[in-house]
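The structure under discussion appears below in the form of structure tokens.
Chain naming follows the written order as A, B and C, and within any one chain the residues start at number 1.
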Amino acid sequence: MASVTAPRRVDRSGSFDPGPIFFIGAVVVLAILVIVPIGWLLLISLQHVETGGFTLGNYVEAFTKSIYLRPIVNSFVLATSVATLAALIGTPLAWLIARTDMPGRSGLRALITAAFVTPSFIGAEAWILLAAPNSGWINRTIASFTHADHGPLNIFSLGGAIFVMALYNVPYTFTFVAGGLELISVELEDASSTLGASAWRTMRSITLPLVMPAIVAGFIMSFLEALAEFGTPAFLLIPARTQVVTTQLYLFFQFPVRTELAAAYAMPLIGVTLGLLLLQRRILGRRKFTVVGGKGGKRRLVALGPWRWPLLAAALAVPLCSVILPYLALLATSLSRIWSQGPVPGNITFYWYHWALFENAPTRLAIFHSLWYGAAAATVATTIAFLIAYTANRKLFPGAQALGIVCMAPFVVPGIVLAIGIYAAYSHPPLVLYGTAAILIIAFTTRFLPIAYSNLNTMVAAINTDLENAARTLGATRLRALRTITAPLLRRGLLASWLLVFIPAIRELSSAIFLFTPRTATMTTQIFDFTDAGNYEAVATLAIIILAITLVIVSAAYRLLGRDFMEKTST
Amino acid sequence: MARIDIAGLTKSYAGKNAARAVDGIDLAIADGEVMALVGPSGCGKTTTLQLLAGFLKPDAGTITVGDREVSSAKHVVPPERRRMSLIFQSYAVWPHMTVFDNVAYGLRVMKLSRSEVEDRTREVLRSVRMTDLAQRYPSELSGGQQQRIALARAVVVKPETLLLDEPLSNLDANLREEMRFEIRRIHEATGITMVYVTHDQTEAMVAADRIALMRAGKIAQVGTAHDIYEKPASAFVATFVGGTNTLPVTLVEPHIVEFGGARLRVRDDFAATARGPVTLCIRPHAIEIADANGDTTVGYRENGTNRIAGTVLRQTYLGDARDYLIDLGGTQIRVAAPPSVDRTVGSTIHLDVPVEACRIVPGD
Amino acid sequence: MTTRGTFVRSAAALGAGVAAGSPIASLAARKNQVTDADVSALYAAAKKEGKVVWWTGHYTQAAAEKIAGAFKAKYPGIEVELLRQTGQVLFQRLTQDLKSNVHQVDVFASTDEAHMTILKKQNTLAQFVPGDIDKIPKEYQHLDPEDTYQLGDIALMLINYNPKKLPAPRKWNDLLDPHMKDLISMGHPGFSGYVGNWVVAMNDKYGWDNYFKKLAQNNPKIGRSVFDCTTDIVSGERVVGPGADSLALERKAAGNSIAIAFPEDDTILVTAPVTVLKEAPHPNAARLLMNFYYTKEYSQTAASTFNLPLRLDVPSPTGVRIDRMRTYHVKIERLLGGIPEVTAKWRETFNV
């Protein structure tokens, strides 16, 4: 034994660990991505347009003119209606698919996923082809039978917009509620039925209250999506004489441009979103609605008996409207040389596909851009989300958990508002990114960072720290442990996060529409321009191409990661 | 191989005002010793281990290994440089690597040559009898096998110290026996210093050279199993290790206490002098159920035993013993009697306890 | 006319890449009016520059590419880097670039004269007068008195209609007829400069209440773009409305049931500008291209894509000469204030 008087060496080895540099780097990038645009937006909203001095005049103008107040009311009505309708459709659908023996359940699930990956504005375009009052195919068919002037449907209405937007928001409610239902132990329901309650009564008094938080969570998601949507209101609600907040923001950017007014106008959107998300968090408590198929043991399915087929028919009505009819309409249009003549012999051709993919350079470039920006955004977002999730979960330094909140902050800002903020922040020295691919990649990264983060956060938290600690006791630095232990274990999670950013990025419209410039157009901005020029054939062709790419990627992901990778949701 | 000196180690969570998880403990672990840290949950044993491993920074105090100060309030040598291996309750065997790669990991970090990595890994796998399973993945193996991999992985890097955090808790009973053997075998082969955390006092008594019993962040007693069992320093120690009855009695003279009107003679290792309330500890096995034969006097008898009287509240036949719950006028005690002694519930009962088995400890 | 003389013609004022003795400098000395000799000199210098960057909001992509092809055919050896986008997007990008001192555009052809007013104020435009300026309609020569921009395109806002469903309307006032209820489709002045131009014209001719408040009673379908009217007629969604000439003619030629009518109470003529930027990276090629605007080849190519030729001696797609039409042109000074004014009124009247 060493004697008490022997000098003690203080071991200072291991003081330098390059690990923190990576983490600090991630934090810095995070600040640039998230804090700067929102900060700029706030700054500009308080700036006088000519003098640059401080003023509240922008807020006064934005919120006292009735012409600007009406869109706010419209947006609210629209969002509430969409969320309600989506919940009313999604909840029974979820119950039918998750808890009953209705036939064709997995097929329906696939169709709902197809709706999930279809951008709402493309659905709107398809529904114009189907249900424009005079020229829509459904209307024309019905009118030819009834010999009326025109068909009964009018997609250019508030109801039409609510219908279309709700259809593409159903997957939110569906995912939340189906996930919640799958976690309910069958014993809870058995207890009810052993006490003599019918299946209907059990569902109403036991199951429904238990999934109410999931329903509310889905409602809030749909509400926020509908509030921030730009494409569908632009296509369907302008003719319906209904201006909403997003189209009004777009108007602020037409000539003459009024950035400061747009900034002031946009701020409350952030406030509303933040408030609703906090409300959602409170309602959900600390529950997560992750869906891992089969967990919780066997579940007994409710036997529907003679109701199976009628209910299946009713359930099929939903994907019929969100997927089957629209895709068919788009396909038919894309294969028509002249869309007004319809897919009749003599008019059917692959001309437009050839044009889009081989002849028309700008369109080819736009397709390439969509894929490239999406991939870049997905990579950056996943990397940052991973490093921050790790930093926050392992509490690498005091306050590290606050970083998680910063990562989720963009969720609170509607896409269009974020785009305006990014435009304002990066359009003048020292960092001029306007007009570059970088600004679009930044916009997509920021916009979808929350999805990547919440997914990875759950997964990093689920990894037992013992696994990393074991590596450290064997001599690995934190960074090495991260690289050799944590990251490989998260392979699937990282891939899932990548896809969860890539897929929405390639079909993002509302932020791209503000930031694209002639050389950085994407498929979605092209669709928007082609719509304006009345070139519906090109619109439909590009839409089909986007959908095809998305579906291929999603199917590949299903095969690699299991069918539940898209159903992981945040707390 | 090194001695470990812990001096004044203190750590509290959530701010300095919160309760201390580890409250100024001093502990000297000899080179090559197996020291068990035992205690109820929340006593601070796991936190102490985490501090030893370098995953936590102490608020005060130091940890010295050999002549290296590795932890202090100012600086902590990170785990990767402490030459301490850790065996986890959850095994922490990496599922995405084969058994071989798991064990070889530490050697590769040390940047040894391929052949040396290969040789040393194969050797240690042979010693834990896992050679055939080298290319398997952990998910294909049982808990016991996984823990053996963890053990192999930990010792192949020849650490100075081995820390074990409840290594057997997740194993079922027969596997525990096997693993205990494994751990002891390694210790005998390498002579490595070990710190072994467990909540199971039996395990501690079997595995360790010395035991440090912890409670509420402090060390209640350090000593061999014999010391702790036979000479508990407090009622807590007495009740934690082995289970004991505690009776509130009054010290009236040195070695004489008063209980229920009777005077009992007791063993006193603490030479208590203050008159007043103390705790009397008696092991259930040390109590004999007497045939009264009409003799109902209680108290100290000249033959070296104390007699006390009570009522049978409950008795349970356990096959190799009969477990009695006796009411002593308010205080309840348990007696472990031979199965043939069968007294009815409610009957009066007389109990004889040798003076040697009656120990008083300071009040808690 | 005399204002031109007030401009200083130093090399610095002429912009980038202008050395004394270069074709541009000699042009400037003669008030920038191009002659054939100038063109040859410009071509020679432009060949050395190798390419010209052309941003235009006029025409469709296909039409613009055709014109680029015609330019390359006439002046081999000069690449044309064409960017065709909506005017607003192009303008926004250009102003950003100029703010950050990025100069990548040579020729900028916007759909909005108002854009040029702003650029002119920022002193970013070069003076230039193409040869053959006398061949274009007199009223639109020297659109800018200071010659910092010229006429680049003429678009006509006239009546599009479906001849199978309606006899040809004769006047703008015909749209106010009750029997036009639910038949009309049009764009939105806040979203489209062309539509804004037309709305200002109607407002100035008839007054807001007399025209638009009555028009509102016919429940027109309101879209965003000036092309929405044409598209809706082609699809059969609506039957009539104020639209541009080129797209309608293109759709008609493709076999759709659509026709145009020149209103007796004036076709609204929209002038769109073109300019050479002062700091153009390829100044000689830039001027060569802008000069090309008034050549026969340009006008013929334009006419072949159903756009109005700028030259009077090239037949228009309809056969009707501009100077033989009854037209109404909103001047830029009126347009600048007029569009925000009518947009505000529009939003009140039509609630969108």
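One rule holds in what follows: contacts are C-beta pairs under 8 Å (C-beta built on N, C-alpha and C of every residue); 3 or more make two chains touch, one makes a residue touch a chain.
Predicted model, so just to flag it, every value in this text is computed and none were measured.
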Need the most distant chain from chain A, centre defined as the mean of C-alpha atoms.
B
Central chain, going by Cα centroids?
A
I'd like to verify one number: the distance from the centre of chain A to the centre of chain B, where each centre is the average of its C-alpha atoms, in whole angstrom.
54
In whole angstrom, what separates the CA-based centres of chain B and chain C?
91
Just the number, please: Cα centre separation of chain A and chain C in whole Å.
39
Two-or-more-chain contact residues of chain C, please, as numbers and ranges.
none
Sort out for me which residues of chain C touch chain A in the complex.
55, 60-61, 83-86, 88-93, 96-97, 99-100, 102, 112, 114-115, 188, 190-191, 193, 221-225, 227-228, 230-232, 234-238, 247, 254-256, 339-340, 344, 347-348, 350-352
Taking the complex as given, what residues does chain B use to touch chain A?
3, 30-31, 53, 55, 64, 66-70, 72, 75, 77-82, 84-86, 88-90, 92, 94-96, 105-106, 109-110, 150, 153-154, 157, 159, 163
Touch list for chain A against partner chain B, complex:
1-2, 6-15, 17, 464, 466-467, 469-478, 480, 484-485, 488-489
In the complex, go through chain A and note every residue touching chain C.
67, 70, 132-135, 156, 234, 238-243, 251, 253-257, 338-340, 360, 362, 427-429, 432, 434-435, 516-519, 521, 529, 532-534, 536
